[in-house]
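Both complexes below contain chain A, partnered by chain B and then by chain C.
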Partner chain A sequence: MPERTVVIASRTGLHARPAKIFVEAAARQGTPVRIRVGDGKPVPAHSILAVLSLGATHGTEVTLDADGPDADAALDSLAQLLARDLDADE
Partner chain B sequence: MNEPPEGRAPVTETSGGVTLRGLGVSPGLAAGPVCRMEDSTRLLDGHWAAAEPHVEAGTAVRALEQASRALAELAERAAEPEARAILEAQSFIAADPLLQESVRANALDGMHAPDAITAACAHHREALVTAGGYFAERAADLDDIRNRAIAAARNLPMSAIPDPGHPFVLVADDLSPADTITLDPATVLAVITEKGGPTSHTAILARARGVPAVVACRGARELRDGTRVAVDGALGEVRTGVGEAEAAEVRWRSAEIRARLRASAGPGRTADGHPVKLLLNIGSAADLDTEVSAEGVGLFRTEFLFLDRRSAPEMDEQVAAYEAVFRALPGDRVVVRTLDAGTDKPLPFLGLPEETNPALGVRGLRVVRARPDVLDTQLDAIAAAARATGVRPWVMAPMVTTVAEVADFARRARSRGIVDVGAMVEVPAAALRASRLLAELDFLSIGTNDLSQYTCAVDRQHGELADLLDPWQPALLRLVAECADAGRRAGKPVGVCGEAAADPLLAPVLAGLGVTSLSMSALSVPAVREALAGRTLAECERAARSALEADDPAEARSRAG
Partner chain C sequence: MPDTAPLPLDPRAVLLDASAADRDNAIRQCGRALVAVGAVEEPYVETMIERERSISTYVGEGVAIPHGTLAAKEAVHHDAVCVLRFPGGVDWGGERVTVCVGIAARGDGHVRLLAELAQILLDPDRVHALREATRVEEVVHLLQPTKEETT
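Let's turn to the complex of A and B:
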């Protein structure tokens, strides 16, 4: 299954506004994407509660995975999002 | 009845009335009938006519959707950006597909809709609590979402704020963010909560709206609907047994005080002209965008530059941020506090190991032991910004304990051309050695929040022990007096920043103890200015002596009045 590993760049971590932006973007993908921290249990990236419960702070390494024909495109766009400081965007 | 001092309600035990005491977190006077907030158990009362599982599932999911929509509508109406962000996040959580899925699964397993909602919220709440830190803070959101969804399922009003059709004093156990935001200052005269602390959501939003508030008020639960009470949001007092004539007088005085505060301006001084500088606590240049007139900045917190960084901010970035503040304050005093972080407020780039008791660990100036480079770069940047702007900033270290520490800090600062060097007194050991510290320094600033925590051995966040964090604790005032005396003998300024400086009743006591400046958020300045202007220095000194002789905060307050 294709995967992308990326470091959370947002200053507040995957919390508050950055978490919301990420979850909304994940929900727009054509394929279900999962996210995990380290060897932890993968959770659906389109659920804000699941994403918050990862407890991913600034600098945490997370891994995204997805299946299907659109997987690579979806993973690339979400990984790019996490690599940006979403607190800085206005 | 004697005329009470300005801004204070009289404390009398007349006509069967009693006085409840809590923490006054939003100053102001109010009088009116109590109306109690319905508590969430109302939602579980009563019969629930259970339907087929798939019907229950539909009801439960629709209820969640209604809660989400209602929260989104509240967010749109919210004036304060913080409030809007909190409500938008809650609305988004209520619409979470996993939450809906758990609710549906619970109902299909045979639970009634309210139980299905309760169980699903409890499950996800647990996961957030396990994630810890600021993720755990969102757990309370799920409680509010649960209550709103169950109310929707039962066709009850989602807001538990009562609507008796006349202005009232709201009494609650605690208030959720959504409830606090929907408070209408035109109908809610004051807020009293049994729980909560000085930094709770209720306190912050009530202050922002100018609604008098008393939190951590023991006995508030016993107040009955319709009881007429007088509330003093500065003293933290709630009095029952108030007659209509007296209530009218309180309302009249409240309006008069509000009008006077709006017109307040000028430097801080006592009635006979003794100066006490009124300064602002700020986190960045943006906080200087206020209508309030003050005499400079007494606490410029520099942490914002360092938060959530993988490496320390570059020199240039720091210089620019300091310059922005210095340029906004030409000719005024500005006191810069160097980075106050450590294991209590962890910053990844500091690379400090976790500690079992961060409040007693490597924090404040102690970080210099591990990372002297961070302090040196910051002092370089402050000195460069001073040169570029021609401003002469005062610079102080947080959380000092010993003379050797401050001597080292002063040497580092002065070698860079910083002239006015000071330290924050937050540790009792530092207060007890104030004279010796001032032999090495030019000024002291007392941080009463931490000094309370260390003097009375109470965690600052401990809601149950909030009374021990009361800045009127005589032991805390004794340490403030120790510092002020040392300052007087040395002819050097000793200021106070922290919640105590913003208490209009405490301000004259602090001035009487010999404190030379008070630093607070802009909102608190007018009331403190008026409180000082109402007393001569001799009266302030008398109040200070009385407060020091008291055995507890309540006695200190009444003696000082």
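Let's turn to the complex of A and C:
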């Protein structure tokens, strides 16, 4: 299954605004994307509670995975999103 | 996985039968509950409303988790959560909220608190129990980490 590993760039971590932006973007993908921290259990990237439950702070390494023909495009766009400081996008 | 510790919920910060005219009023009541247990100073409350206007803290299943902005960190004395139930429902930008879990955290503590809370709210049985609990102690108990996690 295609994967992307990326470090959370948002200053305040993956919650509030950055989490919302990420979750909404994940929901727009044509394919279900999952997110995990390290060897943790992958959770659906389109669920705000699931994403918050990861407790990912600034600098946490997360891994995204997805399956299907659209997987690579979806993973690239979501990984790029996490690599940006989403708190700065006011 | 983040470390799990009991959520800092003072029984005095649990209200089973609150009612609010609107979202801002519900958030102010949460803020007052956090002030009442000595967790935050008054200015924190307005930043909870600010945060909500900038981004909704609605997380689904009729639950919202209002918290203040980073700007109000000095107004926080210690980490705390409060639970206010609104059986009549509160309009939350088109969603109907019946449970508010207000959060105050020092420094980066909010990410850990949110993670613990999210793990609890992801369990539909616990959310149901939280909605149906008839005693404050039940609510306090429901917000403790599950036995499997406290190894």
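FYI, the second predicted complex is superposed on the first by the 90 of 90 C-alpha atoms of A that agree within 3 Å, B and C clash if a C-alpha of one lies under 4 Å from a C-alpha of the other, contacts with A are read in each partner's own complex, and residues count from 1 in each chain.
Keep in mind that, in the parts below, a residue touches a chain if its C-beta (ideal position, glycine included) is under 8 Å from a C-beta of that chain, and two chains touch if they have at least 3 such contacts.
What you see is a predicted model, and the numbers here were worked out from it, not measured in a lab.
Of the two partner chains placed by superposition, only chain C is touched by A:V37; chain B is not.
After overlaying the two complexes on the shared chain, residue contacts for A:L52 are found with chain B and with chain C alike.
In the superposition on chain A, A:R17 makes contact with both chain B and chain C.
In the superposed pair of complexes, A:A79 makes contact with neither chain B nor chain C. Residues 12-13, 15-17, 20, 47-50, 52-55, 57 of chain A lie at the contact with chain B in one complex and at the contact with chain C in the other. Only residues 1-2, 51, 54-57, 59-60, 70, 108, 110-112, 114-119, 121-122 of chain C touch chain A when the two sit together in their complex. Taken together, the chain B residues at the contact with chain A in this complex read 85, 88-89, 92-93, 96-99, 124, 127-128, 130-135, 138, 307-310, 348. Those residues of chain A that touch chain C in the complex are listed here as 12-17, 20, 37, 40, 47-50, 52-57. Residues of chain A touching chain B in their complex: 10-13, 15-17, 20, 23, 44, 46-50, 52-55, 57-59.
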